[in-house]
Amino acid sequence: MAEPPLLPLTLRGVRLSRGGADRLHGVDLDLAPGGCTVVMGPNGAGKSLLLKVLHGLETPGAGRIDWNGQAPGPAVTRRQAMVFQAPVLLRRSVAANLDFVLPRHAQARRDDLLAHVGLSDKAATPARRLSGGEQQRLALARALATEPEILFLDEPTASLDPAACLQIERLVLKARAAGTRIVFVTHNAGQARRLADDVVFLHRGRVVEHSPAARFFPTPATQAAKDHIEGRIVLSH
Amino acid sequence: MTPIPLIAAALIALGTPALAQTRPIVVQSTTSTANSGLYDAILPAFEAETGIDVRVVAVGTGQAIENARNCDGDVLLVHAKPDEEAFVADGYGTSRTDLMYNDFVIVGPADDPAGLAGADAAAALARLAGSGALFASRGDESGTHKAEMALWQAAGIDPSEGSGDWYRETGSGMGATLNAAVGMDAYTLTDRATWVSFANPQSHRIWVEGDPALFNQYGVIPVSPRACPSVHTQEAQTFVDWLVSAEGQAAIAGFEVNGQQLFHPNAPAPS
Amino acid sequence: MQDFGSSFALAFRLVLSGDADLIEIVLLSLRVSLSAAALACAIGLPLGALIAVARFRGREALIVVLNALMGLPPVVVGLVVYLQLSRAGPLGFLGLLYTPTAMILAQTILIAPIVAALSRQVLQDMHGEYDEQFRSLALTRGRAVRALLWDARFALVTVALAGFGRAVAEVGAVIIVGGNIDHLTRVMTTAIALETSQGDLSMALALGIVLMVLALGVNAVVQTVQLSAARRSHG
């Protein structure tokens, strides 16, 4: 690829308000190439909003975003992909949902992707008749089909049963192993331990901690992170 | 955004009729001639003879004249002589020719509540106005409506004073007005052709007829190519010539409904 | 009063006898109204999609106007089209008055706002659901609109049917611009109006029954195709 890579990313003083209230106030964040970053934090901390800002779906009111010298925009968004908590699938067959994002005549690649997420036998099934886990795997396959440099996942397993949840996690780890940079939002501490190379802890619209997983989980630097890991209910406001 | 040329092309393709050898003509006509079936009876012979496709637009006389003034017809065939003469005088028609006549009749409920039987037209209308019985008027500036207004004037009555009360203006064609008259037990003035071929008379019947004041003259006028360059003059003239020819006049005389002749040809002999 | 039974019998006999005039009128009705529905879709669907997806000044007002245009009176449309197509009007040189083309044009104008307004609603609802995903995929607006049109196709077929139903049932526009000319521009509704004015109410009613059966037939065919297609591809 002729273009320079998107990473490292530098975020400085990013602010965003919604409904008259500040939701992100002054987020600073650096993301290096490679690995899986897990974004954690109590409900309302701004995890999803931060992800949308990174993916270019939300435009912050203030602050600087620098993708290795490139400003946010469609060209950056196109080189990323996102899996939402509730997958939005087209009202078409499973195969057609992948064809939608693949170049023409890419049947072989589509079949590989279907096999990769275990949906080969469902290719002709209407996508919206799949189970919740299958739908999320299809959404993940669609995201991978675009060969993103960075894959964002916003609580993709929040409404799935444990087995479906593990399938998604395995696929995410495979993608990471294949070189895709992962940014994964979850409020599930167990899942975070299984996936994270490093952890961004968000509290009240600020990044209060960003450290390697090996340090974050045994020795969180803030009381809020400590409470969150230990499963104590924390109100963000 | 919208592919307008494409749509225009599709429109033309969808709507273009098969090309004919001779150009068709549009006749702006009063309704009585069309609704009684006169054209169905006489046109096939003309079309077979000349290959000219005659397209009849049947509307009230007032609207027919208006349409012809907009150059939307090649021939005008109506029954309101003063208006027809004005049409020619204004340069829209080349010349007006008497074509045929029939008569108006006053029809009403079977029990004749206003007691019109035996009266002439003016007396009948005078009687009707004071009787409390209803009268349905075309109210649409048609030839029949104009004839009706002339009759009221002759009777010395202004029916508009009873408008909405006993004088009901339908603003519709003859057929719709007859349906209304039958529906509300009202009297009405109609040309005999429409009445004889009208299929929903129920118990209504003719109460006034035979008065010379009820004479109904039809005229025919080719639309002038000077006023309307788009008219198919030659075909229009061929049609008018045929109508007033011995053959055309015989065809008109031969048209009967229920054994009754509806139109009496009276075109002047062609010179 | 007229006897419905006799009208049904008459309608039945008309259809069974294969009356040539009736077949001609039925075919013209279908040709005119299906053409108008197709053209109204060609105009109304992209327009509805554009308004559903785009954000611009005056959008809300445009939607109000579009929705109001669904109530266009056919006779007014007929009159306006007549004034344009009349020899005395600006488009008189085309010679389209009193032709099926004029009738298609008038009905297209009548129902294009219906197609646009209803498809705008359908597509806007779906756009609300798809928008974030489409932005994530960084789709161009054209690609997003096409995807919406395709995914909403079953609902949009119903929109097209609503347009067709309005077209095939209206008399006010086609009688003015078509002239109800026998063997040229006479369609079901103008034939019904003519039979009514001639007092032949049972024939008028019989034709009305044929018209309703016709509309039922078109809807049944479309629905069958729609259902079987939906079963294959819809969730």
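Letters A, B and C name the chains as they come in the text, with residue numbers starting at 1 for each one.
Rule of thumb we're sticking to: contacts are C-beta pairs under 8 Å (C-beta built on N, C-alpha and C of every residue); 3 or more make two chains touch, one makes a residue touch a chain.
All of these numbers come straight from a predicted model, not from anything done at the bench.
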| item | value |
| --- | --- |
| Minimum number of chain-to-chain touching steps separating subunit A from subunit B | 2 |
| Of all other chains, the one whose Cα centre sits farthest from subunit A | B |
| Closest chain to global C-alpha mean, per-chain Cα centroids | C |
| Centre distance in Å when subunit A and subunit B are each reduced to the mean of their C-alpha atoms | 79 |
| Distance from subunit C to subunit B - Cα centre to Cα centre, in angstrom | 33 |
| Subunit A and subunit C: spacing of chain centres that average the CA atoms, whole Å | 47 |
| In the complex with subunit B, residue positions of subunit C that touch it | 31, 35, 38-39, 42-43, 46-47, 50, 86-89, 92-93, 95-105, 108, 179-182, 184, 194, 196-201, 203 |
| Of subunit B, residues touching subunit C in the complex | 1-3, 6-7, 10-12, 14-17, 26, 31, 35, 39-40, 55-58, 67, 69-72, 173-176, 178-179, 197-201, 228, 230 |
| Residue ranges of subunit C touching subunit A (in the complex, touch as defined) | 129-130, 132-133, 135-138, 147, 150-151, 232-235 |
| Footprint of subunit C on subunit A - complex, ascending | 55-57, 74, 77-78, 81-82, 84, 88-93, 96, 100-101, 126-129, 146 |
